[in-house]
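Chains: A, B and C, in written order; residue numbering restarts at 1 for each.
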Amino acid sequence: MGRIQLKQVKKSFGDVTVIPPLDLTIEDGEFTVFVGPSGCGKSTLLRLIAGLEDTSDGVIEIDGKDATSLPPAKRSLAMVFQSYALYPHMTVRKNIAFPMKMAGVDKAEQDRRIEAAAKALNLADYLDRRPGQLSGGQRQRVAIGRAIVREPAAFLFDEPLSNLDAALRVGMRMEISELHKKLDTTMIYVTHDQVEAMTMADKIVVLQAGVIEQVGSPLELYRTPRNKFVAGFIGSPKMNFLEGPEAAKHDAHTIGIRPEHVEVSTTEGLWQGKVGVAEHLGSDTFIHVHGVPGCDPMTVRVGGEIPVHHGDTIFLNPNLEHLHRFDAEGLRIQ
Amino acid sequence: MATQHSRSAARLMMAPAVFLLLVWMLVPLSMTLWFSFRKYLPLRGGDLGWAGFDNYVRFVTSSSFWPSVMTTLIIVGGVLVVTVMFGVLLAILLDQPMWGQGVVRILVIAPFFVMPTVSALVWKNMFMDPTNGLFAHLWRFFGAEPISWLSEASLPSLVMIVSWQWLPFATLILLTAIQSLDSEQLEAAEMDGASPLSRFFYIILPHLSRAITIVVLIQTIFLLSIFAEIFVTTSGAFGTKTLTYLIFQRVLESQNVGLGSAGGVYAIILANIVALFLMRIVGKNLDA
Amino acid sequence: MARAVTTQRKAINTAFAWGVGLLIFFPILWTILTSFKTEAQAISDPPVFLFFDWTLENYAAVQERSNYARFLWNSIIIAVGSTILGTIIAVPAAWSMAFVPSKRTKDILLWMLSTKMLPAVGVLYPIYLLFIRLGWLDTQIGLVLVLMLINLPIIVWMLYTYFREIPGEILEAARMDGASLKDEIIYVLTPMAVPGIASTILLNIILAWNEAFWTLNLTAANAAPLTAFIASYSSPEGLFYAKLSAASVMAIAPILIMGWFSQKQLVRGLTFGAVK
């Protein structure tokens, strides 16, 4: 069980309010991702749930019970830190055993759980090594192992993959997703990387300056971003925004079109521009087009390879079905 | 970054150390302050009543006062200059590639392990003695008249003894600091055509400034209250009476507690001036 | 990247550094050598360096004159006792400062250091009186307490700097893992800080061992440590260089030996944790 409810939770350091009063419900078994640019308060929010910081106001309920003033140890949550935070002086086995030792789990049960975790995480060969002798990915798995054996009500992940290299990150992403399917336990995952958010989450919470901008499933956010911030943050490459006359044609202050929703033509189209940098990835080509009124450069994405060069003139046709319209405040116009 | 719970725990765990030091500071200090306003002669009748500022006036107007302040400053300043200068040179030397670096390092830090009473006695007798000391042998070997170091050149001799004790400390801190210097910086400077000398002045020395600050701070703390070296070598004669030693004589030798306490208050004020000055610098360095 | 250094350059460095090192070490070496000479050889001109009749008679004479073992025992009790006691008080304080810093933390730390600057002589008589009142004059317990108090700021400061190198996330992980504050300090912080704590303890044992103001002024016969033992040799009685040397060696040998065996921690400690 792990239903977490935040009611009017507020956090300020001295006079600075980092999180204005906020409501959020995380359902049992849900994989929730907090995403936002650095400094948006997502880590602080996670630490409030963990109990590593005090709330300045409001109530945090875990499984319907008020946990606001419980110390971290009493909240039956487990956390995986960005730096892994393994105990360098203990072997992998002792690291994983530590939370059980603290909880007074008997020795046989400890061993059983360690074996199970080691098997699930491919750590069986490393149990007697120290963290210093492990690679980044292995350390990450030990940190997860240490979290699993507690059998917590919910897992908290604080940017756990940001210290890994790109290839390993993709692998660990899948492992964590699979772990979630297998354990079916609530997970809260903090990241600044929208790709991680999109690929892993059941529910994404987009934060900016401590304020929740939107909550929804990955595709909801992609299809119907509530405002310009979410529209620009979710999706890669970023959505193009046009202001001025082009937007006025659609009765909007700003219009947004994703790079993948623009067609390229060499002969005719709504907009005309000159090719700036073209990034040829093989599977896709990203073209940065200069000269489109109200948006410079405009990024477009073309599947596969396309023979364009710097300085070529091309024409662009936006797919109007996927046009996003925003008012002067940046809010979505339905 | 902490919770209410850990903050109150922190306060509780800091309490014993803070409380002990507070008592250690306040109780004797207020007693000293009290005595300094009393006519207090333990061997001649004890506490003979209120003295107002008499003790303060007498202590400052005594002919020994200003010389003792000067002596204190000369010894502290002299030792600081010698140890920092030679410390930098030694640190650079020890940083060079060589065989047996570990052994040389042990040799260099060894004087720090020697208790001040021992080092003062060894230097006084076996090196600086005008008839049997090693220096006297050396002087005679070159046909020179041996010097009675501790009476004719008392302050330089003391500075030398104390510098010998503190040089290892300065060297070690500076060496650690030099070793933390990013060698790419030096290589970049070399590529830019900087000579070894300008590399020293523009890169190494600025890099050492924090370490030098720390050397100065810690040494000053210990040097201001230097006692055993003087006690053992000259007992304050030949112009080696520091403020500390002067007060010591007033309190213990002349058994004039009132006068000595007034001196103590002056010493505390002097130390506080130095402390305030140094703490500013260290305070800045603590953030880094 | 280190560059290849010519052997010639390295040889010059080596010779020069060894020369300087031996020069600095020479007074100690000379004292050790002299302690094995006869009094006549100790003052002979020109001095004899190695080729003399090695003798242990000075050590016997020193032992006969004063009971070395008692001074040694006092030194050990006072130095080790004050350091251990100080560390026990300082660990929680340093934990607080390093991991739960507040606006006042820095001020408290600087205030603690500034108590080190209070001239001891300024409070000598009050302490003397208090000690008489409390019956602590010339006792081990009295000196243990005084030396603990004068080194406490240094111990707190050093531990603080070492603790600050330990990432706070690890302690938070322990908290998440269900560790109480006590568990956190015993099972996580202390084992991780062992090198730093060892350096702190070693350095402060040396400082306490060599402390020569309070030990000289607050002891007489019972609790006098080696600083007082050696100070009794300050007034010469006839030929005494060899005996002085023997006494000196006996006073500094324990620390020198300890220094040799724990060189790495000591070098770290000698920088007072102030420089990495």
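Note that contacts are C-beta pairs under 8 Å (C-beta built on N, C-alpha and C of every residue); 3 or more make two chains touch, one makes a residue touch a chain.
None of the values given here were measured: they were computed from a predicted structure.
Shared contact partners of chain B and chain C comprise A. Note: the chain lying farthest from chain B is A, by mean C-alpha position. The greater number of contacting C-beta pairs, out of the two interfaces A-B and A-C, is seen for A-C. Averaged C-alpha coordinates put the centre of chain B at 16 Å from the centre of chain C. Chain A and chain B have Cα centroids separated by 57 Å.
Centre to centre, using the average C-alpha position, chain A and chain C are separated by 54 Å. Annotation for chain B: residues touching 2 or more other chains are 1-2. Among the residues of chain A, those in touch with two or more other chains are 51-52, 71. Per the touch definition, chain C reaches chain B in the complex via residues 1-2, 5, 9-10, 13-14, 16-18, 20-22, 24-25, 27-28, 30-31, 34, 43, 45-47, 89-90, 92-93, 95-97, 99-100, 102, 106, 108-110, 112-127, 129-130, 149, 152-153, 156, 168, 181, 206, 209-210, 212-213, 216-217, 226-227, 230-231, 233-234, 236, 240-241, 244-245, 248, 251-252, 255-256, 259-260, 263, 266-267, 270-272, 274-276. Chain A makes touch with chain C in their complex at residues 50-52, 71-73, 77-79, 81-83, 85-89, 98-99, 102-103, 146, 150. On the chain C side of its complex with chain A, the touching residues are 167, 169-170, 172-180, 183, 187-188, 191-192, 194.
Residue ranges on chain B touching chain A, taken from their complex, read 1-5.
On the side of chain B, the complex with chain C involves touching residues 1-2, 6-7, 9-11, 13-14, 16-18, 20-21, 24-25, 27-29, 31-32, 35, 90, 93-94, 96-119, 121-123, 125-127, 132, 134, 137, 140-141, 164, 167-169, 172-173, 176-177, 180, 183, 187, 210-211, 214, 218, 221, 224-225, 227-228, 231-232, 243-245, 247-248, 251-252, 257, 260-261, 263-265, 267-268, 270-272, 274-275, 279, 282-283, 286-287.
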